[in-house]
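My questions will all concern the structure given below.
All chains are identified by letter, namely A, B and C, in their written order; residue positions are counted from 1 within each chain.
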Amino acid sequence: MNNFVDVNDADNIEALIEHALLLKKSPYDFENLGKRKTIGLIFMNPSLRTRLSTQKAAINLGMNVMMMNFSGEGWALETEQGVIMNGDKPEHIKEAAAVVGSYCDIVAIRTFAGLKDKDDDYNELILRQFIRYCGKPIINMESATVHPLQSLTDLITIKENKEAKNPKILLTWAPHPKVLPQAVANSFAQWTLAAGYDLTIACPKGYELSTDFAKGAKVVHKPEEGYMDADFVYAKNWSSFVHYGKKLSEDKSWMVDAEKMKLTNNAKFMHCLPVRRNVVVEDSVIDSVNSLVIQQASNRVWAAQAVLSKLLENL
Amino acid sequence: MNNFVDVNDADNIEALIEHALLLKKSPYDFENLGKRKTIGLIFMNPSLRTRLSTQKAAINLGMNVMMMNFSGEGWALETEQGVIMNGDKPEHIKEAAAVVGSYCDIVAIRTFAGLKDKDDDYNELILRQFIRYCGKPIINMESATVHPLQSLTDLITIKENKEAKNPKILLTWAPHPKVLPQAVANSFAQWTLAAGYDLTIACPKGYELSTDFAKGAKVVHKPEEGYMDADFVYAKNWSSFVHYGKKLSEDKSWMVDAEKMKLTNNAKFMHCLPVRRNVVVEDSVIDSVNSLVIQQASNRVWAAQAVLSKLLENL
Amino acid sequence: MNNFVDVNDADNIEALIEHALLLKKSPYDFENLGKRKTIGLIFMNPSLRTRLSTQKAAINLGMNVMMMNFSGEGWALETEQGVIMNGDKPEHIKEAAAVVGSYCDIVAIRTFAGLKDKDDDYNELILRQFIRYCGKPIINMESATVHPLQSLTDLITIKENKEAKNPKILLTWAPHPKVLPQAVANSFAQWTLAAGYDLTIACPKGYELSTDFAKGAKVVHKPEEGYMDADFVYAKNWSSFVHYGKKLSEDKSWMVDAEKMKLTNNAKFMHCLPVRRNVVVEDSVIDSVNSLVIQQASNRVWAAQAVLSKLLENL
């Protein structure tokens, strides 16, 4: 593995999951692999789970960790080419990426969608430039369109909890007060489909995901429709891809509640967190024994550690 | 020791002080105790001494340190139960605490009083929830009502400087431009009384501390009254407990000055810092040879290291 | 070396450069030198290169690193003596410096010019107080008037790239949308002159640097004038020293462009970064094979590591 930017960087998803589960059992088996190696964690957006779990994974492998918040500790980066930089952005991503790369052996970066220009976001304008100019292996800690560390974690958690060989998975849109990117949903669709799972996506009309990520999933447009016989219910809000970045619905009947969960095959509940309680999911569901949200979050360490160990082996 | 949340977690205050003083002499005697152990330092409020001294203490014990600022790097946490989370708080403390706990072996948290709802603050609403959901040993790095790491430091410093077996200690209220919590004052009263010292608290009427913390202290209401024969003068501002969170006085005669210090038994001056010079205390007092403020601050490392080593022994 | 505050702390510039180049070849030759030693990195202003490169240098020497942002994580510091602190600054630099010093073996600090009071800035009011009260060796990570780690890096980079024994160096002022300190320019002049190089400074009238730093340099006032036969062109904006902190020119003809670079002896282009593209320097120049900006930035690690190793040897 030379980068971990999207699902295509995982040659063998199943083997990566197995490696993560091995690390979960024996976190220090490779604690010298990262000796004298430094990872830079670059945040252009806030982070809790990703920040701490990636740091922990690096520590478990014996790496040095350097953190940089580009808001607060640093400054906004210019990403356009050829621009006259006389505005509020004091540094171009060309320099910033190359400089960070020169100090690190591996660089992990978080850079969310702007949700203003679909082409910029779906061409991964910032991430692609960072990769191009950084010169070091890159880990995507959530970009404009995908969140592969989260999706790998999700597959690890499904593997730990599935009873059927090929469980029925529902990815359901849910309401949210804010306008959010499609990254987690895109990525979850892409990875579960790549893993060969049976995926249904339920969302209001106009919220269909890009077929680049969701091709092969069944799509339904009524809140209750996908729950029947589901083994896993994965809730997430996202803004419209078609009407890019727009909020088309606040329909509360899309909230995951105990009533709809009764339609399932005693399904497990999943969410990447942070989650808006009683907006995205009812307390009674997220607080039930079937809720996997904390297990998912704690598995972030093993997903990151599996990815990091593969990158370190290739340095 | 399973948590270090308040004075009740210290089975034996004297032994803890002795252990801290031992570590001060030999900082690296237990430098492998924290190997492969990670402490998370969680800040919901700004910090200088607590941040650096706790980090240093953990390093001295061989621990890994992960820091998280919940403002800036993260986000505001919801602390109410059953609420519909459609406002400006994207995550509930239930999830945040459990997730942080899953990444760490010990979690230290700073969460100040809101000073709006006395019951919320004095029930330690946030800290108690964090303990409940985190699932790991918790260190209180100043909560709504107490600051036990500071008080342990204060007792260490008194031990190093006292001449009499049972010195006379004055805790005096002092003016301040801002409205501050009672935590440091509560905690200082509680720990000095638990240690069996002779404590007088001087404050304007209406600034009496809760008897939960200050029972057993003599209380006086004139600025000069408590200074007579004092061996230690500990200055601190706090807002009213009775008229909760209110500022009742800006009376400058409560500032600690050279004049009043002359009434003492050549008393040492103490303050937890940061301190407003020439508001809380006159330059001539804090800059005198009797000032212990830097020694107090530097002892924060040994207090934290003593507590951490006790928690690590019990993991 | 007991401090690294300005050029006078470098007993032997040539030897320091050689030591840095040795460390560049063998970064881990002294990886136990910093064992059980802690450096505090104190930022009163934002930083990217300085933050990461100094951290990396300390890690390479086996040191522990503690970071503190005094805006955000901490608070603003009072720097006036004898003031009544009832405003928005909750702590005096006297206490803050002493406390940080008590937790660290070496302290590195960044504190920019205020550009309001020339005397305060040129007396290094904040840095000098920090040194005075901190009690530990200090590294200047850019102060009001100088940026010695940058200048040492610049000399390392010139050493790596010069062909003539005594190359001709041009330091040229360039336009900028903001009002910037003179620190990088002062320091570059001071160090190149101390190293015995032939330095020309080109700037609009009114932008002459203080002779304390630039004495011995040739000064010219037309954009093209200094380029003739130059081996190195170092671009930088600064505000006026004479009309202190003022912006006197936005003349775009001072931008470094391909046309003016043609006048040189195939000169290398240098800048400390961050740089405003197409304001300070044209894309075609900074993107050319003659641009050294990334090499400069990456050499920051070796400059810092050379300085740190000298300070550690003296502890």
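By definition in this document, a residue touches a chain if its C-beta (ideal position, glycine included) is under 8 Å from a C-beta of that chain, and two chains touch if they have at least 3 such contacts.
Bear in mind that the values here come from a model prediction, so they are computed numbers and not experimental data.
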Exercise for the section: Quick one: superpose chain A on chain B by CA and send over the rotation angle as a multiple of 5°. Expected result: 120
Handout entry: Fraction-based call for chain C against chain B, same above half, different below
Key = different
Problem - chain B and chain C: spacing of chain centres that average the CA atoms, whole Å - result: 39
Fill in the blank from the handout: Two or more other chains are touched by the chain B residues 72
Completion exercise
Residue positions on chain A within touch of chain C in the complex are 36, 38, 40, 64, 66, 68, 72-75, 78, 82-87, 90-92, 95-96, 98-100, 102-103
Problem - Footprint of chain B on chain A - complex, ascending - result: 28, 43, 46-49, 51-53, 55-56, 59, 69, 72, 177-178, 273-279, 283, 293-294, 297-298, 301
